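Let me begin by presenting the structure, written as structure tokens, before commenting on it.
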Amino acid sequence: MKFPSLFTSGRASLGAIALMGFAALPAYAQDAAEPAAEAAAGDPAFIFNTLLFLMGGFLVMWMAAGFAMLEAGMVRSKNVSMQLLKNIALYSIAGLMYWAVGYSLMYVNVNGYFGTFWPYSWPAAGTANEGDYAVASDWFFQMVFVATAASIVSGTLAERIKLWPFLVFVVVLTGFIYPIAGSWQWGGGWLSEMGFSDFAGSTLVHSVGGWAALAGALLLGARTDKYGPKGQVQPIPGSNMALATLGTFILWLGWFGFNGASQLAMGTNSDVSDVSRIFANTNLAAAGGVIAALILTQIVYKKVDITFVLNGALAGLVSITAEPLMPSPFMAIVIGAIGGVIVVFTVPLLDKLKIDDVVGAIPVHLIAGIWGTIAVPLTNPDTSFGVQFIGIVAYGVFTFVVSLVVWMIIKAVIGLRVSAEEELSGLDVAEVGVEAYPEFIASRVR
Amino acid sequence: MKFVMAIIKPFKLEAVREALTELGIQGLTVTEVKGFGRQKGHTEIYRGAEYAVSFLPKVKVEVAVDSDMADKVVEAIATAAKTGQIGDGKIFVHSIDKAVRIRTGETDTDAL
Amino acid sequence: MKFPSLFTSGRASLGAIALMGFAALPAYAQDAAEPAAEAAAGDPAFIFNTLLFLMGGFLVMWMAAGFAMLEAGMVRSKNVSMQLLKNIALYSIAGLMYWAVGYSLMYVNVNGYFGTFWPYSWPAAGTANEGDYAVASDWFFQMVFVATAASIVSGTLAERIKLWPFLVFVVVLTGFIYPIAGSWQWGGGWLSEMGFSDFAGSTLVHSVGGWAALAGALLLGARTDKYGPKGQVQPIPGSNMALATLGTFILWLGWFGFNGASQLAMGTNSDVSDVSRIFANTNLAAAGGVIAALILTQIVYKKVDITFVLNGALAGLVSITAEPLMPSPFMAIVIGAIGGVIVVFTVPLLDKLKIDDVVGAIPVHLIAGIWGTIAVPLTNPDTSFGVQFIGIVAYGVFTFVVSLVVWMIIKAVIGLRVSAEEELSGLDVAEVGVEAYPEFIASRVR
Amino acid sequence: MKFPSLFTSGRASLGAIALMGFAALPAYAQDAAEPAAEAAAGDPAFIFNTLLFLMGGFLVMWMAAGFAMLEAGMVRSKNVSMQLLKNIALYSIAGLMYWAVGYSLMYVNVNGYFGTFWPYSWPAAGTANEGDYAVASDWFFQMVFVATAASIVSGTLAERIKLWPFLVFVVVLTGFIYPIAGSWQWGGGWLSEMGFSDFAGSTLVHSVGGWAALAGALLLGARTDKYGPKGQVQPIPGSNMALATLGTFILWLGWFGFNGASQLAMGTNSDVSDVSRIFANTNLAAAGGVIAALILTQIVYKKVDITFVLNGALAGLVSITAEPLMPSPFMAIVIGAIGGVIVVFTVPLLDKLKIDDVVGAIPVHLIAGIWGTIAVPLTNPDTSFGVQFIGIVAYGVFTFVVSLVVWMIIKAVIGLRVSAEEELSGLDVAEVGVEAYPEFIASRVR
Amino acid sequence: MKFVMAIIKPFKLEAVREALTELGIQGLTVTEVKGFGRQKGHTEIYRGAEYAVSFLPKVKVEVAVDSDMADKVVEAIATAAKTGQIGDGKIFVHSIDKAVRIRTGETDTDAL
Amino acid sequence: MKFVMAIIKPFKLEAVREALTELGIQGLTVTEVKGFGRQKGHTEIYRGAEYAVSFLPKVKVEVAVDSDMADKVVEAIATAAKTGQIGDGKIFVHSIDKAVRIRTGETDTDAL
């Protein structure tokens, strides 16, 4: 009996050496389990590093679900299907665009400001590249990052942007804006030359997403009735706190991949120890963000607003993302806690500016992202506040301006916003055609 | 025949149903509603902004009864639903011309 | 101070060498952390391979939750508890049956058509088998696959099948039908001899589940009122798109384990590179399915039906499952996109045939599964359309016929379908006794 | 072009050796991808062990979401935000307290009864400790365990305890009670000296949580109207079975980390084989719990109560946790199934005693935890019923008494319970200020 | 004008709406309600304890009609909603003084 | 006393409540309902099959008022709820015999 080779069937089995639960079997297959001939013995470091990317990659991929749930919970029930749809679509677009052009633009042959315009591919099946890890695993890991940036935009602009204009922007963001900006630092471009430091992307991922969202929010305007005639804020509570909390926990889990695998290696004792440090610090910062928001809302508002606490967790995570390795546990907590404080104070601030950010993505990702990037020199002696500042400004200006232009073009060509009537009836009826909760009578007052 | 409609506090529903059952009432219909009244709602803060929740959850109980039962029914509801606190609700009574039991086609008092 | 050995307490600690956050402690335990004596140094390849199965296994196990959520979202609220119950029960039954008989029947001493009827067991604690990986990890990985096949059936037959008859079928499917069919290929049986190829189970898992579901659907009939008196289709919208989307994301995540760990090895650079390739291709195919369904529904129906988009993601995943390794990125996208197209066209087709498939499992798993299997020779030169076709037909005929017979026997002996009245009141009240959302007033119109 | 070093930017790239999808590019970057100099080659066993902790750790971290969803589904909609808030807050507090004092108290310099009062820290970035694994990974893994214990308390006391008193108790539990108790066994203290055995914490984690919950429940009293004037039980159905099921699946998934990584090592073939055995046994026990509860509720109550089935899965998991390695598959199923039986009989029993346990945490975690611990000598010859019994009693007396005292102090100082009116209106309005499902009209009858 | 209120089984709504449309009725209003009546609810067991579900889901249909249509409307509903099984529901009729169509300001019969 | 029942578009509730408050009305009760009328619902496509959504979300506002307030109340609602678009809704008025405030036992006009 010959077992199918790996390529033919994808299966082999050690059934032949199986030990039976109750009795020995009369005969075993004799010739089973000839191990597929290995061209060369594996290099553990190569495998460990690749595994780190794969594990980190699937954890960050899972964050796509986290954003989807968080946003579905923070919008009104009449817009839930739309928000879900946007999230699964943007993740898919990010995956395709980052293959079609993004990865090469960010990492291949970067001239200081951008790389190469070409689809990216990997070694043939059955072969491995030289180097420290399999490039396909790196592509996978980098790809899920770009999806994260796009998710941020989706949350801010919820409940009033049309589907297709949003998706067009996602194409540009994930195929061009993010990769070009990313090449400056992670692609080895000018900012990295200068000594800018952003370990896992407080600025490169989170602030970039936040700036793109801000540009969109300014152009799109607030949801109808979000701000009253006398300028007062009229809160629009999210429809499902259970989903919002689930989304936050998913993001928290995914962040271990986001920060941990940004170590980029675990083939040595010190690398895997660093990954461990990063896991611990990431968790401590998130916890710091939660507890800060918890205590602060109790003091300021006399009740604990769960949405602030959820935002606090995420702001803690974003804050530590620029430097999850160097801080001591205590510093990690402090950095995260300041993220939580930022949320509680900047969410109302944005409202005062009449910038309507449905899920609080700008405070969480942009402002806490800036904080996290600024805070790097506090614990990393190889960095300087000056260069960090230059990096933050460079990313801000580039992303904001380009995004604004792209949003303006889209607005001019196909329009951005649903009609007032469609906004009222809900985007699910207007654009998706399938209500999220068709059987439940929702309070349709707003 | 009379039609008695009561707006009560939700947690009083069971007590009201029992009181009516004791009176021999065999059927009633219940609707979840929201009430606005002297009992003020509360102010909530969501993401740092205050807003008034002016509508409070209430339950509407509707019973069609023979005219001479009406007063007893009103009284029974009023007693069972009372907490003495603001927001206990209201009872309204109006006359109906006709009642039909769909299953049998019986009408008026027989239909109740 | 002696630390407990691993078997006694399951814990050890390096606390003794811990570095304190603020101050050194006066004394450390001196003799801590004697590493448990290792019988022999580990073989990294053995460990990597086993780890691949464990990781793949827990990711695929998580798909059980994905099916549960997807199906809970696609049924009406009155049947949600039942659907949840079926999913957790079928996963449990699959686990028990695959131990009691399934694994041996599929892998041990396969005579070409089936293996051995015996419970399966593993090396004793503290020992390891010869070979390339721990057999218990392989059992775990194979077991979660059979659960997947059973989940497919559950989705199609929702909202009208009784609990116990369904569970009886699951016993037969997971203990006998799937393992016997599986032995033909992955067990090294006649189809594998012939050169059939199905890397991770487009046919062996997904189509098998689909055929079993189809047989059940034909015998069970449609939900009351699904098809009107004049033969028109009367849509019955699912109750919760957020859950359906969550389920889809869970399945997408789990699929990295499903396809990636079907490489069966990651102890060499080329194996782990192949796993990486598979991760990337799997994601690209799913994204292709999403985008195809998105664009197509917009064009055909003028609105984007989110349920089609979710099905599109899954169809893309099923399509690439037969060969996730060989395709170039571009081909992976195309293969997945065709899966998305299949969904949009075959869901209405089934309705025309009055086959009532509540979640679209037949288009997604059976039809896209066939497509994926047929497409293998497009990228894998070691395969042929002829043999692929023979495999598809063999699995189809065997699974469909045996399933139909089993369903007929169950129907004759204990009946399959709830009464019309129970269907109306909902299966939660009729069979589970606990409503899924008891506090929410659902529209009980249908 | 120079690539940023790992510490500066956290990124490197093999873009230079990328293979293009469609065409070769004119030039590649030449000098990319200088691998970061490695101080020393990695020790695979060290890396594998650390990886096991990290993977186990993130899986168990995910259980925090599982508890949150399970509890959110089992309470009434008016208390859902509160329950979610408690869960994310307790996980955060556990993380901070276990750093600030817990870990050292449990593992550092244990004198037989407790360790050291100090925050805990890890080797500096870029360095690794001596020993078999990175201590930070162990801290992470141990930390998520303590959060589990706190989650148990949260479920039992739901729907009537105030936020802050609960969180104060969590501070004490996670910083002191759990670590001190834990040091007796896993810290190498007196019970471990005596030969007590609790592989992954049936007693140390689950029963400890259960005892703390029981003490709280006795002091707090039942929810208003849970027990009628004539002493009859008045069921209060949970609001969302989909969330409860999701939570159960999350916990099930997380349990592979809980039990599997409690092997504490996977650097040898036999260790990774043991981890595999544990995965399989853990799954079989859970399945046994499900099927036992399923059959038993059908027989006893004529309908299958899904909440019992969910509890059955968890009770199966708790039961196998004290010894997931030694049992044969058959014994694992039996041990888990008895867990399922325990649930079906002890839930009503608690109600007879008027102990109001909202989610069934006491039957699942405390009673099944005792059962699992008692059952260890059935399969592990190195243990004895006598010593197991001593351990169970010791943990019971210590945890229950100390918890009771702490609860009493909190009650005296700040009170435990919301007012009757607040309980009626729901804790979300009273304490959180944000309703979980503001748009859905819930039946407010209870 | 008369106001007809019918409490019916939820799955009969579509049939009732069609019957009324055939009569030329152009509008109606529907509310989800829970009914208590001769049709007993059921006993459920939750976590080992029995409890009575005494309220059953029903739908309330309300139509304002011209007085001379009232009888026909009642009959149409009664026929369409009937299953002959207990719990089919009731129809109640009362007079209304006034009806206004908000959009146009039309009143009374014109407003229906 | 009169009982005014208005079926309005949901997003007009706040405007109606304000208009009534200005008139001095101190209480009202609101119910979520679904309306069928001249304003046609829409056709949806679900999984490739068309279906008509004939019921649209509406809100029912109920106010019991002193008889001489009735006309003003009707007018206030009609004005506040009007968009001029089809589907704005209806107002129906009928007489009630009795009103009771549960908390105090006050009756009729005092009870409102």
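By written order: A, B, C, D, E and F. Residues from 1 in each chain.
One rule holds for everything that comes next: a contact is a pair of C-beta atoms (placed from the backbone, for glycine too) under 8 Å apart; a residue touches a chain by one contact, two chains touch by 3 or more.
Everything numeric in this text was worked out from a predicted model, so none of it was measured.
Undergrad: Which chains, if any, touch chain A and chain C both?
TA: Neighbours common to chain A and chain C are D, F.
Undergrad: Between C-E and B-F, name the chain pair that shares the greater number of C-beta pairs in contact.
TA: B-F is joined by more C-beta pairs in contact.
Undergrad: Counting only Cα atoms for the centres, state how far chain C is from chain F in Å.
TA: Their C-alpha centroids are separated by 51 Å.
Undergrad: Can you check how far apart chain B and chain E are, centre to centre, with Cα atoms defining each centre and the answer in Å?
TA: Once rounded, the distance between the two centres reads 18 Å.
Undergrad: Compute the distance, rounded to whole Å, between the mean C-alpha positions of chain A and chain D.
TA: Centre-to-centre distance between chain A and chain D: 27 Å.
Undergrad: I need the residues of chain D touching at least two other chains; which ones are they?
TA: 21-22, 44, 51, 55, 99, 119-123, 129, 135, 237, 240, 246, 301, 303, 305, 307, 328-330, 433-434, 437, 440-443
Undergrad: Counting only residues that touch at least two other chains, what does the list for chain B look like?
TA: Correct list: 31-32, 34, 44-46, 94-95.
Undergrad: Classify the inter-chain contact topology: is it line, ring, star, complete, or other?
TA: Shape of the chain contacts: other, as it matches none of the listed patterns.
Undergrad: State which pairs of chains touch, listing all of them.
TA: A-B, A-C, A-D, A-F, B-D, B-E, B-F, C-D, C-E, C-F, D-E, E-F
Undergrad: Can you check the complex and tell me which residues of chain B touch chain F?
TA: 2, 6-8, 31-38, 54-55, 58, 60, 74, 77-78, 81-95
Undergrad: What part of chain A is in contact with chain F in the complex they form?
TA: That would be residues 424, 429, 433-434, 441-446 of chain A.
Undergrad: Touching residues of chain C toward chain D in the complex: what are they?
TA: 1-4, 6-23, 25, 27-29, 32-33, 35-36, 38-44, 46-47, 50-51, 53-55, 57-58, 61-62, 64-65, 68-69, 72-73, 80-81, 84-85, 87-89, 91-93, 95-96, 99, 119-123, 125-129, 134-137, 139-140, 143, 163-164, 240, 243, 246, 328-330, 431-441
Undergrad: Which residues of chain D touch chain C once you look at their complex with the stated criterion?
TA: For chain D paired with chain C, touching residues are 21-22, 44-45, 48, 51, 55, 59, 76-77, 99, 103-104, 106-110, 112, 115-116, 118-123, 129-133, 135, 138, 185-188, 192-193, 195-201, 237-242, 245-246, 248-250, 252-253, 256, 260, 262-277, 279-280, 283-284, 286-288, 290-291, 294, 298, 301, 303-307, 309-310, 313, 325-326, 328-330, 333, 380, 382-383, 437, 440-443.
Undergrad: Can you list the residues on chain B that touch chain E in the complex?
TA: 3, 17, 26-31, 64, 94-103, 105, 111-112
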